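Have a look at these structures, which come just after this line.
In the two complexes below, chain A is the common chain; its partner is chain B in one and chain C in the other.
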Partner chain A sequence: MTAKETLKRNASILLTFIIAFALLAFVSVMKPGYANTANLKMISISIAMLGFTAIGQTFPILTGGMDLSVPWVFCIGAYLCAMLTGGEPAKMIYAVPVVLLAGLVMGALNGFGIAYVGIAPVIMTMASNIIFQGLLVGFTNGTPGGKIPDGMKNLATGGVGAVGWMFLIWVVMSVLTWVILSKTSYGRKIYAIGNSMTCSLYSGINVKLVKMSTYMICGMMAALGGLLYSGRVTQLYLGMGSNYQMESVSAVAIGGISLMGGSGSYIGTMAGCFVIVILDGLLTAMSFSQGVQKVIYGIVLFLAVLLSSRRTGRTE
Partner chain B sequence: MDDLQLNHISKSFSGNYALRDITMSCRCGEVHALLGENGAGKSTLLKVLSGAYHPDEGEIYISGEKAFIHSPSDAMKYGIGCVYQELSFIPDLTVAENIFIGRIPKTRFGSFDHKELRKMALELFRKYDVPEMDPDAKAGMISLSQKQIMEILKVLSKDPKIVILDEATSALEENRVRWLLELARRLADEGKIVLFISHRMAEIQDGCDRISILRNGEYIGTRDVNENLDMDEVISMMLGRKMSSYFPDIIDHSTTEPALEMQNVTYERALNGVNMKLYKGEVLGVAGLAGQGQTELLQAFYGIHKVNGTVLMNGQQVNIRNPKWAIANKIALVPEERGIQGLFLNLGIDFNISISSIDKLSHALLVNKKKEEDLVSKYTNLLSVKAASTRSLASELSGGNQQKVVMAKIMSCEPEIFLMHDITRGVDIGTKKEMFTLVRQIAEQGKAVLYFSTDVEELERICDRVIVMRDGRVVGDFKGAELNKENIIGASIGIEERGASSGK
Partner chain C sequence: MENKRTFKQKLSDNWLAIVPYAMLIIIVAVMGILNTNTLKASYIANKCDNSFSLVLAAVGQTFVLLTGGFDLSVGGVICITNCLAAVHMQDSAGSILLWSVICIIIGIAIGMFNGFVIEKTKLQPFIATLATQSVCMGLALLILKVDGGKVPRSYMKALTKRFGDLPLSAILLVIMILLWLYFKNTKTGMNIYAIGSNKKSARLNGIPVLRTMVTAYALSGCFAALAGLYRTAVVASGSPTAGGDFVMSSISAAVIGGTALAGGSGGIIGSIIGAFILRYITDLLVFMKVSSYWSSLVQGVLLILAVALSAYGNTLKKRKEGVG
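Take a look at the complex of A and B:
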C-alpha cells in the first residue's frame, strides 16, 4: 500500500517534469529558434531564481504554514548587497554573511510570531511583508544606493552552454535540501509537525523551535535569492521580488506538497519551478497580450494547485 | 421469526471474507451483546446493518419483513441508529448543533432558531438523564467522555427502533458507563433492540440479556446472560482456544524508593493540592469518577501543564518543562487520545515508532537507517504488532495494534517511569491480556508505572496500589487486602474515606 503510494507520488512528480518539457517542446515547434542556447540558459537561470525562493518556501509549507514575506525579504537582500559592497567585489566576503544573517533575522521574526505568539502564518507574514517594505522604502527614500559588483553580473547571467551558473548552484542546494528533508532527524520533525502538531508535542519534539526555524530558513533563502538576483538587473528596483510571493507557493504546491503540510517531496518542488518558468516563457513567446497572458497563467496555476491538492488530499 | 433476523450474511473484501454466512437474530426488548476480538467481523456486521456496506449475500428481516438497506439513509428509514466507535462531530459547532445537525429548527425569518434548538437539547438531556452537559459548549472543547455522550444523543434524538452502540463505553468513565448501561436497559424496556459492543466483560455481564459471539467473520453461538453463564466458555468461544487466565498473577515488586512525588500541587481547577508518591517497581493505579483530575495528574508529570507546588523525581525537585524534557529524563506517557496525541495516522508504523528517539538514531543529523530499522523491528516484535509491513499506515491498523504501536514508541525511549492513560480502551481481549502482562513485566524490572484506568476491575487486578481522586485531590489510597472494587468506588463517590494518608 505504502509502496504503491510512493510510486504514485513519484509518478506524479515525473508527470510534472514531463508536462514542463512538453510545454518547452511545444513552444520550440511553434516558434522555431526559440530553443537556442542563449534562451535555454535564460530559462535555466529563471528556474534557479524561482528555485531559491521555492527551496525556502518548502520548509514552512511542510509544517502546514506559509511565508508571504518572501518579496520584501528578497528585495532587502538585494539592496543590502548593493549598499554594503558599493560595487567592490572584495566586500562580498562580508556582504554575503550579513545578507544571509538579515534573512535569518527577518525569518526569526516571522517564526517567533507564528510559533511562540500563535499568530496565523498568512497574517503574520503578510504583515511583516508590509513592514519590511516600509523599512526599505523609508531607509532608501525609494531610490537605491550602492552598486552591484561586476563579478555578480557574470555569475548571474553567465554559464556553460545552455546551463546558467545559477542553475548549477540551485541544483547543488537542491541536493542539500533534499537530504535535509528526507534523510535527517530535523526533516523528520518537520514532516511530523505538518502531520500533527499535537502528536509531535507528545512525541517530545520542540514544536515551536522547529516551526520557527523553518521561517528562518525561508527568510535566509529569500534574502540569498535577492542577492543573486541583483546581478541580473542593470538597476535595482523596489518590487523586484513581487512575483516570487505566489510563484514560490505555487511551485511547491504544483510539485505535490500538500498545503496542509506533512506530505510530498522536495523533488516535486523542483518540477514545479520548471513548469512555472517554462509556462511563463511560452505565454510571452506566443505573443499573447499582457492581459490574456495573466489570465491563462492564473488559470493554469489554479488548476495545477487544485489537482495537486486533490492528489495529496488527506484521507481524513 | 425474531424482530431482527440476519440470514446467511456474507461480505468479502478483495477475496478475504470479513463475514461468512452469518445467521443470527435479536428480539425487541433485549440488550444484545456482540462479542469478538478485533477483526472478528463485529464492525463489518454493524456497517452492513447501518447501510455503510452492502452484503454480498444474505438477507435482513426487520419485524418479519425483508429490509433493503443500501445506504445510511435507508437504515434510518428502518429505524436503525448506530453510534460508531470513531467519533465524528464538527468541533466548531456547539453540542446542540451537532446533535440536531441537519434538523436545526428555523425561525419564521428562515434563520436558525437558537432558542428553540437549546430547548430541544435540554429536553433531550432531561429525557435521558444526561449528567452535566452544556448544549452551548463547542463540541471540540468538551471532554472525550462528553463527546461520546453527544454522539449517543445524536442517534437517540432520531428515535431509532434498533440502537447500535459500537464500543460506546470505551470512551466513558466509570459513572458514565453506569449511566449508559441504565440507558440501554431503559431503551430495551421501551421495546427497542439494543445491540451492544464492548470489550469489557463486566459491563456485558451487568447490562446485557444475551451474548452472540463472532470469530474470524463467523457466527459461533449465542448465550443467555444469567447465573449459569460460563465466562470461561464465552472467552474460549471468542478466542477459539482456552485462555489460561484473563488477568495475570501479580507479584508485588514495589520498593520504598519514590520515583515521582507531588507535594501540594495545584493546577487551575483540576488539581487542588495533590499529595502522592509513586515508588519504583510499583504499578500505581489512579481511580475516580470522570474528570476528577486524573488526566491532569498524568499530564503534569509529562510537562503538558505548568503546575504550582513541588514535584520530585528520584527525590530531587524538578521542573518538568515539556514532553521533550520528560522523555530526556526517562518519563514517558501513553496519552489519552490515541489517534490525536499518540499517532501520526497518515504516516507509517516505522515513522511513528522512531520519531521519539529520532535524535538518538541520528549521527550529525543524518538518520541511521539501519539503526532505525533495528529499533522498529525490535519493538514491533517485542509487542507483536500485526501489520502487512512496518511501512503500513497507522490509520490502517486495528485499535489494538494502534495501541501497540504507541506502546512501542514509548518503550523505544527506554523510560524508567511510565504514565499510562487508559491503555486498554477500545482494545480487544487478546491485546488486553498482552498489555497486562507487559505492564507487570515493566514493574518487575524495577520501573515505575502510574496506571490510570476507567475500568475498576482492571485497577483491582493489575495494580499493587490504587489512589482515588476526587475534586482534584487524592482521597483514597488502597493496598493489599484493602485494594478492592468496593473501597475504590466508595472513595470515588465519597461515602468512605479510608486510607487517605496518600503516602505522605
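Take a look at the complex of A and C:
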C-alpha cells in the first residue's frame, strides 16, 4: 500500500479528527477563555473516560455485535473499588485485579449467552444490563457507599499541563488496542467474524470462543472505566455509567466502524470519542437549553455517522 | 387423518409460539393465587388500560423488527406527542381531534423519515433512529420543560371509558388484532416479512423495498404517536422524558412475544402478549413481596430465559431442517 492509498483510506478518520478540532476551535472563539489549561485537561479526561468504554465497545461491534450492558458494569466496577479499598490506597493492589476480573466475568456471561446460546446481542446485553443493575441496587439497598482512596482522586483529576493522566493511560491502551486489532491474528479473526461468520467457521476459527472473548474484553474495559471514574466523583451514585451506553456505541459508529461488523479502524473510534466529548462541552458552554442540546446532538450524530459510513462504503 | 397429522406437525414445529401465552397464563394464575382480587374484572380492566400504551409501542416496534430493523425513536415520538397533547389540547371536541391528528401525522412523518434515510443511505437502523430519538427528545423538551401540562377531562374520560367492566382499550385491542390478521396477508404485509427474511432476494423478486421500509417505519411512528396520546389520557399529564422507558420495553415485549430480531418471523399478537407479560410481572413482583431493589434483576433474568428458549428452539428447528 502506497502512502497515497493509506491517506485515502484513512481520509475519513482524519476528517473526523478535523471536525473535532474545528468544534473545539469554534467554541474557544465564541467563548474566549474556554480553552484554558484547566478546561482542556477536563476535556482530555472526559475523552479518556468515554475512550475506555469505547475501546471495549469496539471489539463486539467489529464482530457484528454490540454491548449495551456497559453502564451497570461500569457502575459495579466503581462500586467494587470503593467497597474493597474502603479508602485505603494499599488495598488497591488486590482491588484492581478483582474489579477487572468482575468485568471479565460479567462480559463472559454476555458472551456465553450470545455466542453459545445464540441470543441476539442487543437483547442479551440489554437484559444483562438490568440484571447487573438489580444486583448492584439489591446488594447495596440502593445506596452505594464506600470510600475512594485519595490517590485515585489525584490520578483521575490530575495531569501534566493540559493533558490528564487518564488521557495518557488511554493513549497507551489505545496503541495496545490498535496493535491487537490490526497486527495480531486474534484481531484478524475478529474482523473475519464480522465479515462472514460462515467463512470464519470454515476457515477453522473458533467463532464462538472469539466472539465470547470480545464481550469479556468489553466488560473488563467497562469495569476499568468505572474504577477510574470513581476517582472523579466525590460520592458514588447509581447511574454513573448511563451516558456511556449509547455514547460508546456512537463513538464507534462515528469513527466509521460499521455496526454490521468487519470493517473500520480503531483509530476512528478515538476520533469519535473526541467529537462526542468536544460537542458535549460545546453545547454546555454555549448555554443552550437542554432541548436544543439534544436536537443538535442528534443532528451531528446523524451527519457524522453518515459521513464516515459513506467513505467506508467507497473504499470497499 | 391427514389433517390430524398436519396439526401435530404444526404443533411440534411451532411449540415455541405457545410459550408466551403459557407464560402469561402462569403469571396471571400465580397472581390470582397470591391475591384473588387480581382476577376481578375491574383489576384486569385497569391493567388493560395501564398496559395499552406499551402494547401500542410494541406493536409499532414489531413492524420494524419484522423488516430486520430497529426503531429507537419510538421513545422520542412518545415524548413529543405526550407533550404536545398535554400542552395544546383544549377541552373541546374540535381541539382534541385536531391535536390527535397532528400528533399522529408527526409520528408518521418521523417514521417515514427514518425509513427513507435508512433505506437510502444504508445507515444502520440502530444508529439512525438513535439520532432521531435524540432530536425528538430535544424537541419534546422545547415543547414542555418539566413534567406537567393540562389534559382535558373529556379526553381522559373518552379514552379510559368503560362499557360495564369492558374498557375501551380492550375493544381497540381486538380491533387491532383483527386489522393485523387482515394486514398480514396483504401485499404490504407479505413484503415486510419478505424483506425481513432476505432483503436481497426480496429486492431481486421485484418487491418495492424502499416503499415497504418507509411503510414499516411509518407504522412504527404512527403507533408510537398513538401510544403517546394514550399515555396522556392515562397519566393525565405530559412528560418530556416519558418515552425513555418505552424504547427497550417495546423491543423486549416484541422479542418475548416471539418476534425475531433478525427479522422475518413473529407478529404483533405475540408482542401484545409480551407487553402484558412485562406489565404483569412488575405487579407479580410486588405481590410476591420482592423488594423493588431486586425487581430489575428478575425482569432481566426473565427476558434472557424467554429469549434463550426461542434461540434454543430455532437451533432445534435448523437442525431438523438440516437433517430432513
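A few notes on this one:
Everything below uses one rule, namely that the second predicted complex is superposed on the first by the 298 of 316 C-alpha atoms of A that agree within 3 Å, B and C clash if a C-alpha of one lies under 4 Å from a C-alpha of the other, contacts with A are read in each partner's own complex, and residues count from 1 in each chain.
By our rule, contacts are C-beta pairs under 8 Å (C-beta built on N, C-alpha and C of every residue); 3 or more make two chains touch, one makes a residue touch a chain.
Keep in mind the model is a prediction, meaning the values are calculated, not measured.
Within the superposed three-chain model, A:Gln293 lies in touch with chain C and out of touch with chain B [touch as defined at top]. Legend: residue contacts after superposition of the two complexes on their common chain; A:Val122 is shown touching chain C, with no touch to chain B. With both structures placed on the common chain, the touch criterion links A:Gly204 to chain B but leaves chain C unconnected.
By the touch criterion stated above, A:Asn195 is placed in contact with chain B alone, chain C being left untouched. By the touch criterion stated above, A:Val96 is placed in contact with neither chain B nor chain C. Touch criterion met: A:Ser185 reaches chain B, while chain C stays clear of it. Taking chain A as the reference chain, the count of touched residues is higher for C when chain B and chain C are set side by side. Of the two partner chains placed around the shared chain by superposition, chain C is the only one that A:Leu135 touches, whereas chain B remains out of contact. Of the two partner chains, chain B is the only one that A:Ser263 touches; chain C does not reach it. Overlap of the chain B and chain C interfaces on chain A: none, as no residue is touched by both. Of all residues in chain B, only 302, 304, 322-324, 326-328, 333, 335, 340-348, 351, 354-356, 358-359, 361-362, 365-367, 388-389, 391-393, 395-396, 409, 413 touch chain A in the complex they form. Remark: chain A residues 1-3, 179-180, 183-186, 188-189, 191-192, 195-196, 198-206, 262-263, 314-316 touch chain B in the complex.
The touching residues of chain A, counted against chain C in their complex, run 66, 113, 117-120, 122-124, 126-131, 133-135, 137-138, 141-142, 246, 249-250, 253, 258-260, 289-299, 301-302, 305-306, 309-310, 313. Residues of chain C touching chain A in their complex: 70, 121-124, 126-128, 130-142, 145, 240, 248, 251-252, 255, 260-262, 291, 293-301, 303-304, 307-308, 311-312, 314-315.
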